[in-house]
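We call the chains A, B, C and D, going by the order they appear; numbering starts again at 1 in every chain.
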């Protein structure tokens, strides 16, 4: 495609303006987080901080349960991801490559489960956790999170695995592998980009969940970042915006790191498998 | 399952669900009973948490083998969390700082342990007179007790701004308040941080205004009383104050309202004594100029009406290890810890024990010392305060007050009239209808 | 293809049976979890909706379809349904339009393209809590940069009440919703764009198609399949959205932005009416189901054409 | 020469997918060491047959045996077969060496021995330089050889090849054909080769099994299939350009068609018949019959001529390259009676009927 130099410059300017507008809330979040509290009350507000301070970060890290919440969120999201992607990978393989009664119906039910609003499942799930004796724990949240993460993961992986040629598995079988060996030797390595991308989506969903965490867990020992930060910093006695923004920045850091390393899998996984019906 | 042995199938609507919970709860409870008490509170500012930790430590030292876990809830979130806890039977041992009407609601549903034992341990004679009246829903039995008093609708003024606007007298009536606001507004400063949001603060504050107009929400025998001139007057006045509130007041709750005054964005404030601590920490520049007063009423002939949240203590009926839970509840009132808790936000939670107020240790706090007048005033105000659960000494306790607040029926009335400009007759009749439905349910 | 049909064939073969058994074993954990965390709560919800139940005690009476009848006569329910529809349609439309536009833009050569991609995609990955906090700070009446920027630029002379009054609050949640979720559309569309063969565009150019008709005649038809799925997924998620609206406006002013999920939450935990809450939820699912079936049908009809 | 250990037998094998029957009552015995092609148009059941033999599909009825042992309930990996797929099905994440070694690994062959055997196969197939590459770095022909190598390395009893050459270009394909023939000659294992390309089947096979609509039509050597097609389907399917089929009837000791009348060598009962004439059996320029030239296609070493016959039929003939033929011209022609094929028009089966020279009309 040929474009004049002038057109190129104009396009770049326009494009970066758009990018800047979209990213502005995040930029502003970072800027706010390093302003001292009193500077926030300036009217009109300052754009660049007159004074840069990291006190909010140190306060969060050393004077609040922020690190506990962070650890909870990491454990919670990782555990959910491992459980959900593990189960969904096996399940998707079964739906794609095996034949048994009810398989088609099952595949359609997966789509139906998307329709369930989380609010509906909330209380019965809580009662179930109590019955299992795991209420008010990270484990109960892991179980609860599967209710929305599993259908999505299953759907992503299924359409991804449909894209893996059937011949590969047949070849492995003829070459002397059992079905499970064929799965581990051949299917799994092929599905890896899809699995990584599913892991990312699952992790993000769990990392960001709010409602279940609000109702199902009520102890700092098991509270994740979303509800922890809200209940810690937004209360009837104070709203500490700079602290909130600092917390927001730190909540986003793990995602930024994951994102930086795995971005290509995200689009690739989604492109190759995700969006096929 | 137990559904049959318990009989009364229609009452046990949840069948399997409830039975499952009932079966499971004792198992879980017994595992915890030996060691752990769970303490819930929505008051979780860092300084308060420190005081709580002190109280927990001293209790654990005095009772070896017992562990107390503090768990934070929130003003907007506690209904859901308490509901889940009661539904499952996995309840906290002690819950503090919920408004008294929440306590009465749970009591009415038979979910709470009578508090008489704890009050006896603390010593009934140490309380301010009538401090526990609001909890005596069933005669002779207390649903809980207050852990503090609050004067949530104190009017805070900025003397420097008043001076600049040429106002010398503290506003006593609504007209004076509105006039003062009009004169002080400008240059980025608004008059009042009154809430117009769909939330509990708007409901609670507006109830103060209804009483300030000489009205009430319910009659003493709990008939809906909003179809009154006082109610209409207060709606009209509240609307007329909208132009002196910041634009975002339509979603203000306690935090925003407080911050607006503390940051200097409004010339007056409406809050408890926490203003003192927050100003000291966040905006010490204005500290010398702030004073607290009783909130104006429609005219000098209508007495002040103080909104006292009655931050409470309660113990769920199925709480495990009841004797220890009661001991812990009483322990919260032991002078050393209790004073620390009160000092965490001086003037915010006021003592319910007159013995404490008199103690020099309590007086020794620098903020209290610097603001003696304000703290004393608020103590007096709170002692004669009321809330929707108990609107006046003549009222029966209203066990539905929690649902009324949570239904947002009152804050919605404010929003309909002020923001949506609906006709006042329609707003009043809708509100009356909704309140009646709630009371009947 | 063969695998698609063979249910009846060769069932007698022990190898085949063994295979089927293995298949069932592989899906078993999924089915088990589904039953536990989805089917059981779902059945409970259906069951509860026939009772009048006090949430904290879970006790109550069987009332049949009274809860549903009450809903049908409740203006609040209809308003919430309308709000849900308005919110879903508006925010979804914006997501799709912005999403396609941004994807087209990011598919072009530009400076630091991968940085630009990361920045554009990021709103989707920050948690709703963070997004809401940041936007509430931007919208803040007293110290918010949006108001001050607009006043500085002369667009406003008084700060605007972004979240507390209508129609601003609906517009605000729609905009924030679009900002938060359009990157999902970007991801899907971008992935698809990269697979459209260049010769298609060359052919169109030889046929004299301009930029716009290349978009409508070449790009859009190629994107159709992806968009069908993306629209379906996003519609369902937007319809169910709770966190964002609850944390931004809480449904206010009055009930102007109260969508059905918020109503469920309020009924269940604010008013302790578990039965009515379940009824709202059941109706909500039915609405979505009808929508989904209708949508899939329309699309199948189009596919056949 | 045939080795019974390598023999493959289909005994009344039927395969149905739901109500659709893919293979019906297949009886077929492939002798050990034979190269047999399964030939037919797509959807004829040849691939299903091969997959059943591989153990990737299970027959609905009947028995499949390899080396005299029924393998219906034997897993694919235990059947001692190797398979080359149309798509090659190379494992993309493994190197060439790992791909070739995979079947050995699954059979528990030690590492050292794996390496030597892979090396040996690689030498045979000239893959030595490519062993550490990944499949996507190879050309189509190289991938094809790796797939072959993966089959060869195990020295199985039966090789199954599913259209292995269809993804190659014409030149490479003819080269690989020669290599496969050479390979088969050297190792003398049973080869079952699925193809829809009759040229491949004719040039490589010892015998060809022609399949159509799930049923076996004819099983015979390439010469038998070509010279004595068992029925109308085989007659029409084998040979390019296709055999001309004239629908007529037997009457008064002769075959009658508006354009052709030809006496039978022996008495034939009256009825509807089809007369088949291969293009190379037509002699143009002289003879008892008449036709009008419609189209002439010179291929260089010959000319393919399409002619219109009376009664609307069409005749295809081969002619020497230097013969002068113009479209629209009418000319005379004859066919060698001993090379003609006669079929029953209703059953489609070949009839053992001889023809004699026709008198000039």
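Convention: a residue touches a chain if its C-beta (ideal position, glycine included) is under 8 Å from a C-beta of that chain, and two chains touch if they have at least 3 such contacts.
The structure displayed is predicted, hence computed values, not measured ones.
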Contacts common to chain B and chain D (chain labels): A, C
C-D or A-D - the one linked by more C-beta pairs in contact: A-D
Chain of greatest Cα-centre distance to chain B: D
Rounded Å distance, chain C centre to chain D centre (Cα mean): 55
Computed distance of Cα centres, chain C from chain A, in Å: 16
Distance between chain centroids, defined by C-alpha means - chain A, chain B (Å): 37
Residues of chain D touching at least two other chains: 51, 55, 75
Contacts with two or more other chains, residues of chain B listed in rising order: 17, 21, 80, 83, 87, 263, 265
Sequence positions of chain C contacting 2 or more other chains: 6-7, 44, 55, 140, 142-143, 265, 268-269
All touching chain pairs, where touch follows the definition stated at the start: A-B, A-C, A-D, B-C, C-D
Interfacial residue positions of chain B with respect to chain C in the complex: 10-15, 17-18, 21, 79-80, 82-83, 86-87, 106, 109-111, 196-199, 246-251, 260, 263, 265, 403, 406-408, 412, 415-416, 419-420, 441
Contact footprint of chain D on chain A as seen in their complex: 165, 167-168, 170-178, 181, 185-186, 189-190
Residues of chain C defined as touching chain A within the complex: 3, 6-7, 19-20, 22-24, 26-27, 29-31, 33-34, 36-38, 40-42, 44-45, 55, 102, 105-106, 108-111, 114, 116-131, 133-135, 137-138, 140, 142-145, 148, 151-152, 179, 187-188, 190-192, 194-195, 225-226, 229-230, 233, 236, 240, 242-243, 246-247, 260-261, 264-265, 268-269, 274, 277-278, 281-282, 284-285, 288-289, 292
Residues on chain C engaged by chain D in the complex (per definition of touch): 2, 5-10, 13-16
Complex contacts: residues of chain D adjacent to chain A: 51, 54-56, 75-78, 81-83, 85-87, 89, 91-93, 102-103, 106-107, 150, 160
